[in-house]
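Two complexes are shown next, each including subunit A; its partner changes from subunit B in the first to subunit C in the second.
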Partner chain A sequence: MADFDWPWQYKFPPFFTIQPNIETRKKQLEAWCSLVLGYQRQVKRYNLDVTEAQSSELFYNKQLNRRLSLEAIYIVLDELKRRGNLEWKDKNRKACTLIWRTPAEWGKIIYNWISSKAMNNTVCTLYELSNGEDSEGEEFHGLDKEILVRALRSLEAEGKAEFMDFDGHEGVKFF
Partner chain B sequence: MSRRPAGIAAIKNKNLAQAKYKDKGTELAETQFAQMGKQMEMFKSNLEDFAAKHRDDIRKDPEFRLQFQEMCASIGVDPLASSKGFWAEMLGVGDFYYELGIQIVEVCMATSKRNGGLIGIEDLRRKVEASRGRNSQPISMDDLLRSIKKLKILGNGFTVHKVGGSYLVQSVPGELTLDHTVVLQQAQENGHVTQSSLIQMLGWEEERAKRSLDFMVKEGLAWVDDQSGIELSYWFPSLIPDFSNSSS
Partner chain C sequence: MNRFSWCDGSFYPEESLVNQRGGVAVYDGQDKTAFNSGTVMLTTHRILWKDQKNRNCVISLPLSIINAVDELPSSFTKSAKIVLHLGPAEPGRPPGPVTNSAYHYIRLSFRELGHQEFLKYLKEEIKQKKWEVQSQSPPALGASASNTTGLLPRQRPGIVGIERSIQQKNKETNKNISQAFLDLRNLMEKAKEMVALSKTIATKIKDKQGEITEDETIKFKSYLLSMGIPNPVTKETHGTGDKYYIELAKQLSTLLAKPIEDCGGMMTLTDVYCRVNRARGMELLSPEDLFSACQSMEFLSLPIRLQTFDSGVSVLQAQNQDVEEIVTNTTAMVQKHGSLTSEQLAQFLELSVVLAKERLLLTEKMGGLCRDETIEGLRFFPNLFLTQT
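On to the complex of A and B.
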């Protein structure tokens, strides 16, 4: 991906070695966390498979011939979890969801869009929202369903939407 | 021939001559003094004329500024000595260096997260220039070194290390010994060193190389890389030019 603005650390070989000095490591992990979130945001990915990630450009800089070891990847992911930016999908910690924007923030974006389209008081299906033609070009277009549901739940809690489920068809009504 | 004691007239004559010499001497000294004063006056006005005439050059052209500084230094005038002196009024140079000092502190603080408080002078120069905006005059290395010297008044926070042909500016307290500077010098070429390269290049004992490197890691100046081969290599962010605009 050519247009991603890699931080300077990505071109700095020791960045791929977990640092022994605690202060330096703190800076290193901070840089890794913002790199992972920034990268995911750029490629619009919400989930991360640890096995796959090992050989993705995110953790493997081919030009430098440096990669983050599996152990180190887990250290970074644990740090993201501690910051509330990550949730494991399974007990074995093989896959996770990266939360680079909270459900409430997503909810707000969706609600603003609905308001701008004067679609309040109408019912939409979830598919329409995230994959419909109307939402093309919007940030939440193609949003992971699980995250979408959570975003709508947070709107529901604010009294701005109501979640509906009829015969397996999920929809939402905005107020 | 028998010697006679000197007569009264002779003594009087002698005294008179002495008094006359004295008068002449004072007269001479006075004219010399007056002449000197006049020369000084002329020198000052010439220097002022010069400064006023080349004011813009001095402010804008780093090369010229350096030459002017050197000229002043050779005749024992320090244009930076006071921001209230006539130099500051004439040129605003006093303010120039104080302003620069503040910008240097700002850049060093903003980048210390990255480099552990050690920055190459060329990097510093580029960042200071960027922070001054596009339309301001260029800054030379000499300007930076002069400003940093002024910053010393505030305590021992800022130190300049000569490393090879360049300088590193240290903005955090902490004693870098000669050994550490030598390590930096070795690392300058490609940004990193290994323990065995130090032993080989400098003829150091293993213990000495290890102690220096451990210290640099402990101070946050060096990062460790375990993927460069059989032994660890040590990298110094401060030696790698930083072209990013953001400081984080």
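On to the complex of A and C.
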């Protein structure tokens, strides 16, 4: 995490004040969105708890002694939602899923890995895919189950896989 | 005998009775008088003689004019007498029973004895001179006298009494107010002279411009020069309504063009108000009139205009003030210092903080700056969001 390449804006105090000028604010929010997604991707996190996030280094630059207020965090998250990078998990908007890679993209990555392992026409469990020994070191290792299911569904729509459910064990067969 | 005055037999406030004797006759020198049977009273201030039959017939003699006292003891046919040698009659005394007399002494004849006791007291009182205490403080006497008359109606019961006391109070208040304004009127008369004086000083200083070096003198000069509008536009001279405002706007424009330029092309309306009224001296402007006049400036296409910022601050702005220029200058200023608060900018540009803030906000609005809002205050940075990628 320490080697995360913070953008220059993160060291710029006005970044932590939502700008009243519309043009400036647009640029500022753009920077925030890419920072949030980039950061989440770096730390491999898919969910974000708003209360926790307040004091995380993402929204709180201790060196600069600047933090994004709760109000401002919601402005940033709303912007992410508008761009389709975020889904709220509850009505109170306390937690959300950040989609920094679309299910289709995930599906493509998984399919490429299956192909490289010559595991076509075999059946794998979802657990094997996300937490199995084989997939260690892969990008989708530790992927949120929900996102994994959505990725597989998108593959299914493309005819590259078939989603199976037997005796409560979910599995997938790649073609 | 002509020293006597008629009186009503009542005492002065400080006066008190010392001794009295009945059966006393008053002689004018050697002559008998009509006052041949009455009571003589010695008080601290006077000798009073009251007729035995006619109680309203009272005459008085002030002790102060008695020069000397002699005693004539009684003989076989004559009763004891006291002789009072008198000085000249007091001027302005109340009228008495006799206007002219050949004698400078009177005699009191005591037919019923007791003259020795009376004489003893009389001598004592003359020695003590209590009347002088009274005459030394006539204002006190006057005040107490007016007080008693003033108090009397107040003590009257009922509505009349209340009304009278209110009336009295009003009278006093009016008196106080008119006294107070008397001073003010003097001041106003003097003020015109003062303005004239300051003008002459101003021109004198103007003539000797080369000799002035000290800062304070220069400051003083500028104050004097900024004082005095020769013919201030007033409602009396220019009527009311639009015409008045138009004339006023024109005058303001000529008066303020230079000062506004000096302080960077902008002046808050409050500063304008102070400056204009100082210059007008006596013919002060009301804030409403000033504001109305400023509003008509744009319509008259004068070189200065009223501008109200989003924050609600109103300023008079020189027409040649270029917004672009302000934005560029302010941006450059902030860039030079890294970041600035309105207070800092105010210091650098020698502007008021309000105006400095307006400049920053304007520049921010134009995209030249961005803000950093913390508990320490509002700070402005160059807008790197737009300039840096």
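The working rule: the second predicted complex is superposed on the first by the 175 of 175 C-alpha atoms of A that agree within 3 Å, B and C clash if a C-alpha of one lies under 4 Å from a C-alpha of the other, contacts with A are read in each partner's own complex, and residues count from 1 in each chain.
Assume a contact is a pair of C-beta atoms (placed from the backbone, for glycine too) under 8 Å apart; a residue touches a chain by one contact, two chains touch by 3 or more.
A quick note: this is a predicted structure, and the numbers were derived from the prediction, not measured.
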**Message:** With the two structures overlaid on subunit A, would subunit B and subunit C clash, or do they fit side by side?
**Reply:** clash
**Prompt:** Does subunit B (first) or subunit C (second) touch A:55, or do both, or does neither?
**Reply:** neither
**Prompt:** First (subunit B), second (subunit C), both or neither: which does A:21 touch?
**Reply:** both
**Which of subunit B and subunit C A:122 touches, first, second, both or neither** = neither
**Request:** Could you look at A:42 and tell me whether it touches subunit B, subunit C, both or neither (first, second, both, neither)?
**Result:** neither
**Request:** Examine A:112 and indicate which partner it touches, taking first as subunit B and second as subunit C; both and neither are also allowed.
**Result:** neither
**Request:** With the two complexes overlaid, spot the stretch of subunit B among 23-31, 113-121, 131-139 or 149-157 whose C-alpha atoms clash with subunit C.
**Result:** 113-121
**Message:** Going by the contact definition given at the top, which residues of subunit A touch subunit B in one complex and subunit C in the other?
**Reply:** 8, 12-14, 16-17, 19-21, 23-24, 27-28, 66
**Residues of subunit B defined as touching subunit A within the complex** = 113-114, 116, 192, 217-218, 220, 223-228, 233, 235, 237, 240, 242-244
**Prompt:** Considering the complex alone, what residue numbers of subunit A touch subunit C?
**Reply:** 8-9, 12-14, 16-17, 19-21, 23-24, 27-28, 31, 66
**Asked** Which residues, counting only subunit A, touch subunit B once they are in their complex?
**Response** 7-8, 12-17, 19-21, 23-24, 27-28, 65-67
**Of all residues in subunit C, those that touch subunit A in their complex** = 339, 364-365, 367, 370-374, 379, 381, 383-386, 388
